[in-house]
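Two complexes come next, and they have one chain in common, chain A, joined by chain B in the first and chain C in the second.
Then we have the complex of A and B:
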């Protein structure tokens, strides 16, 4: 079977379906979304649903502020309860260096219009009364941060784009992308070839492999990141609590479950999504240290997903110099879901040749040619 | 007559049929759409039932149905036990 599309999007996660959604909203539906497994099977369906605007680089702060606003709107647009809970993010500092860095972060965030603040350990305890603050040196808090239920967002997009006439093909794996000179000509899949001149690489942890099909070298490296959920409990935890020092984050969903993860500093690069015993033990130990009450609570399930990481922990967005109309939407380094609304909107604008509503050119792949890239420090896990 | 499929998340056969008609035609997708199998029983009751409904609705054999990835631990474990504290 040979068919064609104006735009082929590789990846049926939040960005793949989200870009299709923005294209369709503008009336452009000559789009095929390809997903090698089922919709939302990758990191989009494996993350903790955190929506954070407290970042250290201007790029990430800018993307996150606009995206948070857009998530509020999306709930109305999709006419679905996305379980968006704005209980804030409480970011804990455990060293003097962190205190200094956090004060700097807050000052940049305030300058960008975010109402975050630096607070002392006692104020942190007021926000989470069961928190053990014996080693906490300070914290930052922003009340409009929160959590969302990822499946509802992605399923909401998928339903909307199908209704608007976009072709979503699951269990369809991209095997190769063909080009003539610097122009894309077709995408070969396990279910036939699709003629197209425009491809979006939104394949998460598999993005580097996709780019290799066009001899484009992405600096992205996939790393496993593990996560778990408890039984549902009556609400006792308003904000998401995170510590970069421990690499941990945990929050209570609208549903009542505690969802959280912790990074393994010895994790090696690769596509590995199995659960580990190291995680189970380390997560339990750290959670109980943070909130002693966890000791009596029941862990229900653990799983893993992939962080698609870049050298500066910021995404790779927009076109590439080597191949025309090959758009990158990857390298989110563990915080892709939360910035997806604006990224998807701007990507749709770029594809259609419109003036982008936000300048994201600083996040182009070409930045890695310069030596002085600004690294995002506020990465958890 | 209402047939309960999942007690943890309060799902009936009707809910499952509705999900299938909306295009959630795989167990992994029904799971994520309805939280089926994500409750305290971890799918030990509902998954087999839903596999049978799916097979019937799609005209396939239940042996053709994919099973969702098993997630450890297979039943709930108190964190206190994992940190080696048996008091609770």
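Then we have the complex of A and C:
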């Protein structure tokens, strides 16, 4: 079977379906979304649903502020309850260095228009009365941060784009991308070839492999990150609590479950999505250290997903120099979901040759050539 | 309080153990020490165990074997306890809780390090397949640990009061319950270490299992695994299908034949496969009125001999009929059934209301093999075997070396096949770990022959087609 499309999007996660959604909203539906497994089967369906605007680099803050605003709108547009809850993010500092960095972050964030603040441990305890603050040196808090239910967002997009006439093909794996000179000609899948001149690489942890098909070298590296959910309990935790020092984050969902993860400093690069015993033990122990009352709870499930990481922990966006019309939407380093709305909108604008509503050229792959990068420090795990 | 315990039964004797008392929401309740919390409550006329999360609709149990979580309650202050597999104890405090209970306050003890153990072979599930695998592996000298989340073992066999038939001579003519008891005795005799009330929670690379042993986490590092967790009952979509009184046929069997409790007065049976027919007969044995059996297919699904038995007892079996609605405020009071046309659509004007207090759902089973998926075994959807099943070789080894599967977890078939697959896996895991001997090879061949025999009959067609799709033509050694 040979068919064709104006745009082929590789990846059926939040960005793949989100870009298709923004293209369709502009009336462009000659699009095929390819997903090698099922919709939302990758990191989009495996993350904790956190939406944070408290970042250390201007690029990430800018993307996150606009995206948070857009998530609110999306709920109305899709006419679905996306379980968008703005309970705030409480970011805990455990060392003097963190205190200094956090103060710096807050001042940049405030400069960018975000109403975050630095607070002392006692104020943190007021926000989460059950919190063990014996080792906490300070914290930052931003009340418009929060959580969203990732499945509802991605399936909301998927439903909307199908209704608007976009072809979504699940269980369709990209085997190769063909080009003639610097122009893409076709995408070869396990279910046939699709003629196209435009490809979006939104393949998450598999993005590097996809780029290799066009001899484009991405600096991205996939790493496993693990997460768990407890049985549901009465609401008692408003904000998402995180610590970069421990690499941990946890929040309570609308259903009452505690959802959280912790990064393994010894994790090795690679595509591994199985759950580990290390995580089970470490997460349980660390959660109880943070909130002693957690010891009365049962963990229900644990699972893993992939961070697609870059050297500066910021995404790779936009076109590449070597191949025409090959757009990158990857390398999110664990915070792809929360910045997806604006990234997807701008990517759609770039594809259609419109002037982008936000300048994202700083996040182009070319920044790695001379390593003119500023590292994002506020990364969990 | 009513006492709904079966007093006399033509086949079964119920050894309930000592009389004890526990507390349910402030009321003192009589129970017997071999009962589960859910059955003791049921025996005392309490049928609502939980409520739905959003609409707060009443919910009763459904599966009665710890798989559906429709019976979770607060026990001695701990919420989310599966009461259908938790034995009742003297002085226990049991109460219902909302979808979001308070976090329980537990003793201020430091976080306990889980106990880690090294054993050779873990068998998960103590039904016919698991017990058989454990027996054979132990016979060949294996260090076998068998885990089952229930208090008693034997799986679904211990509730089968009917006599088995089929060509495999060992089981033909014997009642399921006796086969189950014999297997358990044999396993103990062979030195299988049996872990009751031990839920295997997950698989971790490589070859590590976590086990919830009565609230305590244990970690087992093993060399090989036989996975035999059976099946989950299928559910059916119709209006009010969550009312207490609507139970899986297997759930009713557990309550009635294992726990000795009368499920209700009048039963509508949905489904005429062997399970539907046999459970109908068992209900009659227990003195319960089976009002009608409805079957959506144009013909009866199960063996003619089972159908004749209940027809002789005056129970009508209506093919091309299905349930469309259950009625009742807190529990089932009646059901609306309707005729189906050739395209399976309800025929208008054929609705009929049937007075009943139990609606038994017997519309098939699906393999329970989440664990294998978690362990990374390749899984394929095979309709003929009831759903998603692991790809396996001729020795029942999955695509992850050292992990074997047997019984309904590998695909829905007869209990005899489960026994034989268990024996096959038991011999094969020994070969995998210690190499082939003449005896293990013989055992494997004998088991395979038996399975072949079982699949030769007209009812073996489906599974025969199914296993062809998901079996790789290879052996362990």
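Note that in this section the second predicted complex is superposed on the first by the 380 of 381 C-alpha atoms of A that agree within 3 Å, B and C clash if a C-alpha of one lies under 4 Å from a C-alpha of the other, contacts with A are read in each partner's own complex, and residues count from 1 in each chain.
Heads up, the rule we're going with is that a residue touches a chain if its C-beta (ideal position, glycine included) is under 8 Å from a C-beta of that chain, and two chains touch if they have at least 3 such contacts.
Quantities reported herein were computed from a predicted structural model and do not represent experimental measurements.
Enquirer: Under the superposition described at the top, does placing chain B and chain C together on chain A give a clash or a fit?
Expert: Result for chain B and chain C: clash.
Enquirer: Pick one for A:191: touches chain B only (first), chain C only (second), both, or neither.
Expert: Neither partner.
Enquirer: Name the contact category of A:236: first (chain B only), second (chain C only), both, or neither.
Expert: Only chain C; A:236 stays clear of chain B.
Enquirer: If we overlay the two complexes on their shared chain A, which of chain B and chain C does A:256 touch? Say first, second, both or neither.
Expert: The answer is second: A:256 touches chain C but not chain B.
Enquirer: Could you tell me if A:103 is touching chain B, chain C, both of them or neither one (first, second, both, neither)?
Expert: The answer is neither, since A:103 touches no partner chain.
Enquirer: Does the superposition put A:38 against chain B (first), chain C (second), both, or neither?
Expert: Only chain B; A:38 stays clear of chain C.
Enquirer: Touching A:26 in the superposition: chain B (first), chain C (second), both, neither?
Expert: Neither: A:26 stays clear of chain B and chain C.
Enquirer: Which residues would you name on chain A as touching chain B in one complex and chain C in the other?
Expert: 231, 255, 275, 280-281, 284-285, 288, 294-298, 302
Enquirer: With touch defined as at the start, can you tell me which chain B residues reach chain A in the complex?
Expert: 22-23, 26, 28-29, 32-33, 35, 38, 40, 42, 69, 71-73, 76-80, 82-83, 85, 87-88
Enquirer: Can you check the complex and tell me which residues of chain C touch chain A?
Expert: 53, 78-80, 99-106, 108, 111, 114, 202, 204-205, 208, 210, 219, 374, 376
Enquirer: Can you list the residues on chain A that touch chain B in the complex?
Expert: The contact residues of chain A facing chain B are 38-41, 45, 151, 155, 159, 162, 229, 231, 255, 275, 280-281, 284-285, 287-288, 294-303.
Enquirer: Touching residues of chain A toward chain C in the complex: what are they?
Expert: Interface residues on chain A, with respect to chain C: 231-236, 255-256, 274-277, 280-281, 284-285, 288, 292-298, 302.
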